[in-house]
Each structure stands twice: as structure tokens, then as C-alpha cells.
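Below, each structure is written out as C-alpha cells.
The same subunit A turns up in both complexes below, where it pairs with subunit B and then with subunit C.
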Partner chain A sequence: MRGNSLFVPGDSGLHRLHPLTKLILSLFFLVLAATLPSLPWLLTAFVLLLPLAIWGGLLRPLLKSSLAVIIPFVISLSIIQGFFTPGETQLFKLGDFVFTLEGWLAGLKVASQLLLAISGALLMMLSTRPDQLMLALTNAGLPGSLAYIVLTAIQIFPRFQERAQVILEAQQARGLEINVNIFKRIRLLVPLLGPLVLSSIVDVEERAMALEARAFSRAGKKTSLLVLKDSGWQRTTRWCLVLLMIALIGFRVWQVFV
Partner chain B sequence: MNGFRKEFTTYSIALMAVAIAINIGAGQIPRAVGLPLYLDSIGTVLVGVLVGPWAGAVTGFLANTVWTFTGLFPQAIAWAGVAAIIGALAGVFGKSGWMKEWWRAGLAGVITGVVAAILSAPIAAYVFGGVTGNAGTDAIVAAWRAAGFDALFSNVAQGTMSDPLDKAVTYLIVWAVLIALPARLKTRFDGESTPARKAPARKKR
Partner chain C sequence: MIRFKEFTYRYPNQVNPALDSINLGIPDGQFLGVVGPNGAGKSTLCYALAGFVPHFFHGSLAGGVYIGKLDVQQSTLGELAGEVGLVFQNPFNQISGARFTVREEIAFGLENLGLVRKEIERRIEEALEIIGLEEVANRSPFALSGGQQQRVAIASILAMQPRLLVLDEPTSQLDPQSTQEVFRILEKLARRGGTTVVLVEHKLEWLASFVDRVIVLSEGRVVLDGKPIKILADEELKKIGVGQTQYSLAATAVKKKNLVPKSKSLPVTLKQAQSFFK
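Let's turn to the complex of A and B:
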């Protein structure tokens, strides 16, 4: 499954944590992002997340992936919120539009909320193999078929990207002209997407038979080759984090309505 | 819940996994050809039409989960609910026979696109501060804001400019695929929702 998902192999303490612990941790950062009141708080929470990434040896991939997502947002948010949020302090003017400090800070606050939420999720995804996460969720009651769908899709999508590329090249070799006007380009989609979708559906039959040959639809408990390690302190930590999240959300709701 | 169970056979579950991979593979074609479309829900719509609304909804939801996991588009999970509704709608249109003629399939796509635009706009407006992080769509949002509209309206406006066309093309492609689908595979699904295959007209010589 390497290369298809964000997972970075490793043997750190973070990697060895139970997947549910990491999932709850990433949800905790999501709740923090949604409830912390201001930019300094959010940036502090982000700085507190970094030692966890260092513990997992994942600081570089975490920063790389989260910045790749966040930088376009910072640009768009700065422009849109800066110009269109009314405020007292004018930074500069562009024609009739005033860029305000208040608007810019509001934009940066949203960007830092996204940064915190995405980094929390990345922390889990970079350090957890998708199959282990799915096994943990299956043990917690998720239907096995849903876990199968997610894991299979993660495993096979690069082949479908390749197939799309091969079809594109094959049709071009047969004289498919791509540099035409936009209405003709829509018609190009049929010879490109038709073979991709049809050939994929033909695959489904084989997959279904392979699954049935392995007693996929049999009812009852199934054993797994993977074994997940859990521990008492992790269970306690998970419950503490859940209670903290409830408290944070309760506090925020109370603040809004009272 | 009976309808729910009936839609989840081994065959349809295998189809759902492949459909999500189709979403990702097909999503790169418009970029390669230089078309401003997403076409990232062909698989979802296909499952909805062939299997039913529940299966379509589950496929849409899981497709966005997979987008997140692959790291190709980590914020996709925020729109998982919208993707689920797109899949469910495809199921409803399929069951009510809208996929039998090309023009009704196109219309179903336009309706789905409007619904998707209206449902996605509050997510962009309130979760992402009114932007999507995509330079092209954000420029359109900025233009609407500059014209004096608020964040929510600007995002609905941006969405209704792109989504109905995108979903109409998606539905037309699915309609074409259903016609070309071998009869052997079609019999695995409810025949009610798929168009009949006509014999190709011969050219007179």
C-alpha cells in the first residue's frame, strides 16, 4: 500500500500508538480548531502539535503536506477577507476597494483554523497504515464491507490513473485532436472516459468472485492477520480527550448563547 | 432498512470500490484535455443509477474519505456529505427512469449540480472562510464579492456557474456508458434504471 496513501513507514512511538488513539487525537485538534477563540490561541495549539510530529519523525512530511494545502488558502483568504471585511484600519487601497487590517486578520484566523485541523488529521494519516485504522474501526463496530471499499479504492486508484493516461495516449496515437475549441473538447470525453469506465466495470465481476471465494459475505466473526496493540493508558487518554472535546464544545455553545 | 441491505451484495460492494477509483482516474482527464470541469463523481453516479440511492450515498461519502487519505485533496472530507447526497440523488433518478433518455439524464445532471452548488456553498462560506483554495474558483468568488454580494451568495453563485454543467456532462457520460454496458453485466442490476440498447443504424450505401 506504499505510495498510494499519505502513510510514512516508521517505528516511532507515534506509529505504534493504537489507531483509535490517533484518530481521537486528530478529532481533538479539529475541535480545538473549531472552538479556540483567536489567532494567538490557534497558533499556540499548532506549536503544541509539532512535538508530536517530531516524536513520530514526521515533522518534514507534516509541514510539507499541510503547507501545500494551506498556502493557496492563505492567499485566497487574505485577498477575499482583506478587501471585503469592513474595518477601521486601512492598510492600502486598490481602486475603490480598501484592504483592512481587521479583514486580513480574520482571513488569517480561518487559515490557522484550517492549518490546525489539517495538521491534526495529517498527524494520524502520516503515522497510521490505512488497513490498521480500518481494522480498529471494524473492531469498534464499522461494517467490514465499508472498510473493504475504502482500502481497495486506496490500493487500486493509481492503476486507474495509469489506465486513464494510457487511454489518452492511445487515442492520441489514433489521431484524437486535443487542441480544438471547447465544445469539441467536451465530445472528446466520450472516447476517453468510455473505455476507462467500461473496462473498469468488467473488472468488478472478477473482484466479486474472488471475494466470494474467500467467504466475504459469510456471517459471523472473522479473524484478522493484523493484531493491534492497545494499552490501559491509551484507553484512559482516549476517554480524557473525548471529555475535553465535549467540554470545549459545551463551553463554546455556552459562550455563543449566553 | 430492507432496501439498504438489498443494495449491499458482494457484487455491488466490489463495484463501489472500483467506482471510487474511477472517480479519481476520470478526474484527471479534463485537466489533461484542458477542460474546466471536475468530472470526479462519474463512479458515484454510476453506482447510484445501477445499484440504488443507499449504495450511491455510501459511495459518495467514502469517495471523499479516500480523496482525503490519498493526500491528493485532503480537505475533501468536508464535502463528504454533499458527495453522499449526489450519490443518493443519482439513485433516485435511476429508479424513476430518468436515465432512459439522454435529455432527461442531462436534466438530472443539471438538477444535481444546482443542489450540489447550494449544499457546498455554506461549507465553503462558513468552514473555509468563503474560499476553496482553488485559484480559478476563488477568482470568481472574489468577482461576486466585489459586485457587493455576501460570502454565502457569492459561493452559491460560483457553484451554480460550474456545477450544473459539470454534473450534466457527468450524467451524459454515465448514460453513454449504460448503453455500451454488455447485457451480461446489466442483468446483474435492476433493468428498470438503464436505457435500452438500440441496434446501431446502418448507413445506406
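Let's turn to the complex of A and C:
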């Protein structure tokens, strides 16, 4: 599977779940991240997510990707919240600036919210083929053309990068100097973007025709080679998760206003 | 039967018509070769058959194109897609990008036609076998060579089983052996399957030995029309800007030196060349 997709091929139970189940699961973690009241709750939820990743054989890629995103946030949020949130417990002082425990914990809370939301999304993306997800969404009423755009974006962008590289190399072969300072480098974009954009515009017309030749705009019901397996317990789980999410959001809103 | 009736078409903002009063009948199951210099209207002819003229390009037109009882102008592109299959020159642009393996790529058109899964699977296997793509069936179409992508493009259209198959220089990226294979497949489709095949091709030697009939386009008109042996040997070809087969060129050179009688007609196939030079 080449392309920008995060999908890790596998045959685990998680992989075999219906894409909608995984999508709703990831939304559920997003709602948890937004509604759980404190750091311990959030971390508990994250720990409960890990067995799912282990079930899919995806613990390593999940931790790798989510930590890579989250660590810069942990550092920056800790610093900012720690120094700028007033609190009673002073941890240390830098000149006139006081680093408070309350601030630091507030920073960690935001970071852990991000961690939970991102891990939930990764759980779905790592274990679900993009075309299966799109098929599930199309079956649920998403317009086919929208699904097409998402799927081609995943595959065509890397081709775009390859083409840009070819153009750059061709220009270099004709004497374009690319190892120069940053200001000259911006000017380098002109000989790169010209051919890239022009050739892409020409391609669009032909692509559109080729799609028509494959009956893309044909009226009537479309079928699918892919088979999505669904089951009663998954449907039940999805509804339960949706109800839980509504309850969580409702509870949170009630807390804020009452 | 496919018919062009007094068909004239002009692209938007163009003075000269791309196709000019074309009258042409193509019987079912015929393998027709189309040649002509650049800008002669070869691609436009293909687009007119598949309905891209006028449904995609607009512009002004007169006359009509009919595929059996189907009036191309009165049909939508969606309706035409199952009847007319069009293979373009650039294979990269024909890969939908919405599917991740060659097998699924071939399925894309069939899914749009709304075929049941069993039939889709059957047609995929058939197309893979005919075109010889079984070994790469589970690879990403983007990971293939230009020649292989071109085969994927042909297989994808072939699987839709159109009554009329139109190919606009489909062998541009193929080596001689693969080119021959494609010609054999097309010949087989026309002879046995009853599919009408319209092929735009520069490789005259191949046309000479495979197609039933050749038409020569020049400035939007059909200027020559007939059996390949007769048309491709015509001395007019050079003036029109189509060129000649390697065999004809060699024979012309020999004729100039008065080594053979001037009346002897030019060879266009290997067989003819052998008897010519004996």
C-alpha cells in the first residue's frame, strides 16, 4: 500500500472490525478527551485504549506516532501553563517568573487531552484501509465523488512529489543551482512550480475524461468488489457508543450551565 | 453498425473544424485502423465516438454519430460508458487513483456499471488473463512500469465489455513484443467476440498485418479508406504526412534504382516484402 495512508496491513480482530465501528470508537475517544474532567481520568482512558492497540498488533506504531506528536506539546504547554497560571504551590523560580504545580498540571491536562484524541484517531487510521472506510461512509450516505477525492488525494500526492523531484533534477541537470541561501531558494520555486502546475492542469482534463470512460458519472446504483463484514454486536456497540457520547456531552454541558 | 452522418465538429474558439463532413460506416466486428498526421482529427474522431464530443468539449457541431441505434448526442456520458470503451494514450492519467491494487482498479469501472460482485470477479480474472497481468494483480497500479500501466488501462476498459472499443495510440509506451500482443488481443476481440475496434496508431507495419480496414485522416476529412494493403501502399501517404512502412520505404529505394519494374505495387507487410525482393 503506497501513498500517504497510515494503514498498517494486518489480519487482527481490530483490522477486521467494520470501519464504522472503528470510526465511532475514535470519535468516542475524541469526546472523552473533550469531556473528562481531570488528568487522572484522561490518563486512565488512555491506558484503557492501549489493549485495543495491542489487539490490533499496533502498539508500537501507535505509541511512536502519538508520542512524536505529543512530546513537543507536553514541553511547550508545561512551560507556558506552568509559568503563566497563578497557583499556590511554587515549584521553582526563574528570575521573577514562578513555576506553579497547578499550572504545570493544567498544561499536562491539555496535553493528555490531545494524546487521547490523537491515539483514538490513530487506532482507526492504522487499522483501517482508507478505501474500506470510504466504502463504509459511501454506503452510509457520503457522496461517491467526495470519497473519490479523499482516496485519490492519498495516492496522487506522493506522485506529485515524485514529479516535482523529476522537474527539479531536470532543472539541475541544466545548471540550476539549488544549494544556495534561503532567499535565493524561494526564487527557485518559479522554475519548479511552472511546469508542475501547468502539467497538472493539462492532466486534469484527461483524468476527467478517463473517469467518464469508466462510467464514473453513470446514474444508478454502484456496486463494490470489496466486502465489508458487519455484525449484530458491532451495530449494538456502535449505538451504545453514540448514546454514551451524547450522555457525556450532555453531562458536560449541564455542568457548565448549572 | 457505427455511423458518422455528415459529421462536422469545431472546438470552441477554433476557426477550422476538427472533423469536416465525415461520412463513415463501420460494420460490427470490424477492426479499423485510423492514421493521419498530427492535428488531422484522429483524437477528435475517438472523442466523437465516445461522446466526449460534444458532452465534454462542447463547441459547434452538425450531423450525427450513431452506435447501432444509439444516438451519441442524445445519450449521456454515463450511458455511453458501458457501450463505448475509450483507451487514452497516457496510462498514468487513466489510473483512477481511488483503488489500491490492479485487481481493484479493473473493478472500478465495473462497480460504476453496477454489476454484481460475482460478475465483477469473473470479468477481472478474464481481463487479467487476456492482457497478461496476473503477476501484478495485487500490486499498486502506481508501482508499475509505463508499459504495464498501459496494459492496466486497456484491461480496465476491456473488462467493461463495450460493444465498441476505441483506442487512441494505446501502444505508445509498449515494446515491440507487447505491441504485437495488444494487436493480437484486439484482432481476437474483433474476429471472435464481435467487438468493433477503432484503433489510432502510428505503427503502420502492425496495422498492415492486423486490421481489416484503414482510414486516413487529413485536416479533418477522410482522404483514403480501404484495405490496409491497398491504402498503406498508396504513394499519397507521404504527401499527407503519414509516412510509409519500412517495407514500402525499402521498396521505393529499390524502385528508384530501376531494379524492379515501376508498375510493381509497394509491399506493406513482411510477407509482401519477401516476395517483392525475390
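Please note the rule applied: the second predicted complex is superposed on the first by the 234 of 258 C-alpha atoms of A that agree within 3 Å, B and C clash if a C-alpha of one lies under 4 Å from a C-alpha of the other, contacts with A are read in each partner's own complex, and residues count from 1 in each chain.
We adopt the following convention: a contact is a pair of C-beta atoms (placed from the backbone, for glycine too) under 8 Å apart; a residue touches a chain by one contact, two chains touch by 3 or more.
The structure displayed is predicted, hence computed values, not measured ones.
**Student:** Subunit B versus subunit C on the shared subunit A, clash or fit?
**Tutor:** fit
**Student:** Per the contact definition in the header, classify A:Arg129: touching subunit B only (first), subunit C only (second), both, or neither.
**Tutor:** Touch partner of A:Arg129: subunit C, not subunit B.
**Student:** Would you sort A:Ile156 into first (subunit B), second (subunit C), both or neither based on which partner it touches?
**Tutor:** Touch status of A:Ile156: both partners.
**Student:** On the A-aligned overlay, A:Ile249 touches which partner chain: subunit B = first, subunit C = second, or both, or neither?
**Tutor:** A:Ile249: touches no partner chain.
**Student:** Touch check for A:Ile54: first (subunit B), second (subunit C), both, or neither?
**Tutor:** Touch status of A:Ile54: no partner.
**Student:** Taking the superposition as given, does A:Val166 touch the first partner, subunit B, the second, subunit C, both, or neither?
**Tutor:** A:Val166 contacts neither subunit B nor subunit C.
**Student:** Return, as a multiple of 10 degrees, the angle whose vertex is the Cα centre of subunit A and whose sides reach the Cα centres of subunit B and subunit C.
**Tutor:** So the C-alpha centres give an angle of 70 degrees.
**Student:** Looking at A:Leu228, would you say it contacts subunit B, subunit C, both, or neither? Reply first, second, both or neither.
**Tutor:** In the superposed model, A:Leu228 contacts neither subunit B nor subunit C.
**Student:** So, A:Ala140: does it touch subunit B (first), subunit C (second), both, or neither?
**Tutor:** The answer is neither, since A:Ala140 touches no partner chain.
**Student:** Pick one for A:Ala219: touches subunit B only (first), subunit C only (second), both, or neither.
**Tutor:** second
**Student:** With both structures fitted on chain A, tell me whether subunit B or subunit C touches more of subunit A's residues.
**Tutor:** Of subunit B and subunit C, B contacts more residues of subunit A.
**Student:** In the superposed arrangement, does A:Ser65 touch subunit B (first), subunit C (second), both or neither?
**Tutor:** first
**Student:** Could you tell me how near the closest CA atoms of subunit B and subunit C get once both structures are overlaid on the shared chain, in Å?
**Tutor:** 8
**Student:** So subunit A touches subunit B in one structure and subunit C in the other; where do those two contact lists coincide?
**Tutor:** 148, 152, 156, 159, 203, 207-208, 211-212, 216-217
**Student:** Using the touch definition up top, name the residues of subunit A that touch subunit C in the complex.
**Tutor:** Touching subunit C from subunit A are residues 1-3, 129, 131, 147-148, 151-152, 155-156, 159, 203, 206-227.
**Student:** Can you name the residues of subunit A that touch subunit B in the complex?
**Tutor:** Within the complex, subunit A contacts subunit B at residues 4-6, 65, 69, 72-73, 76-77, 79-81, 83-84, 97, 106-107, 110-111, 114, 118, 121-122, 125, 130, 145-146, 148-150, 152-154, 156-157, 159-161, 163-165, 168, 178, 182, 185-186, 188-190, 192-194, 196-198, 200-205, 207-208, 211-212, 216-217.
**Student:** Where on subunit B does subunit A make contact in their complex?
**Tutor:** Going by the criterion above, the answer is residues 8-11, 13-18, 20-22, 24-26, 28-30, 32-35, 39, 42-43, 46, 58-59, 62-63, 65-66, 68-71, 74-75, 77, 128-135, 138, 141-142, 145-146, 151, 169, 173, 176-177, 180-182, 185.
**Student:** Which residues of subunit C touch subunit A once you look at their complex with the stated criterion?
**Tutor:** Against subunit A, subunit C makes touches at 47, 50, 52, 56, 76-79, 81-82, 85-88, 90, 92-94, 96-100, 103-104, 107-117, 120-121, 124, 140, 142-143, 153, 156-157, 160.
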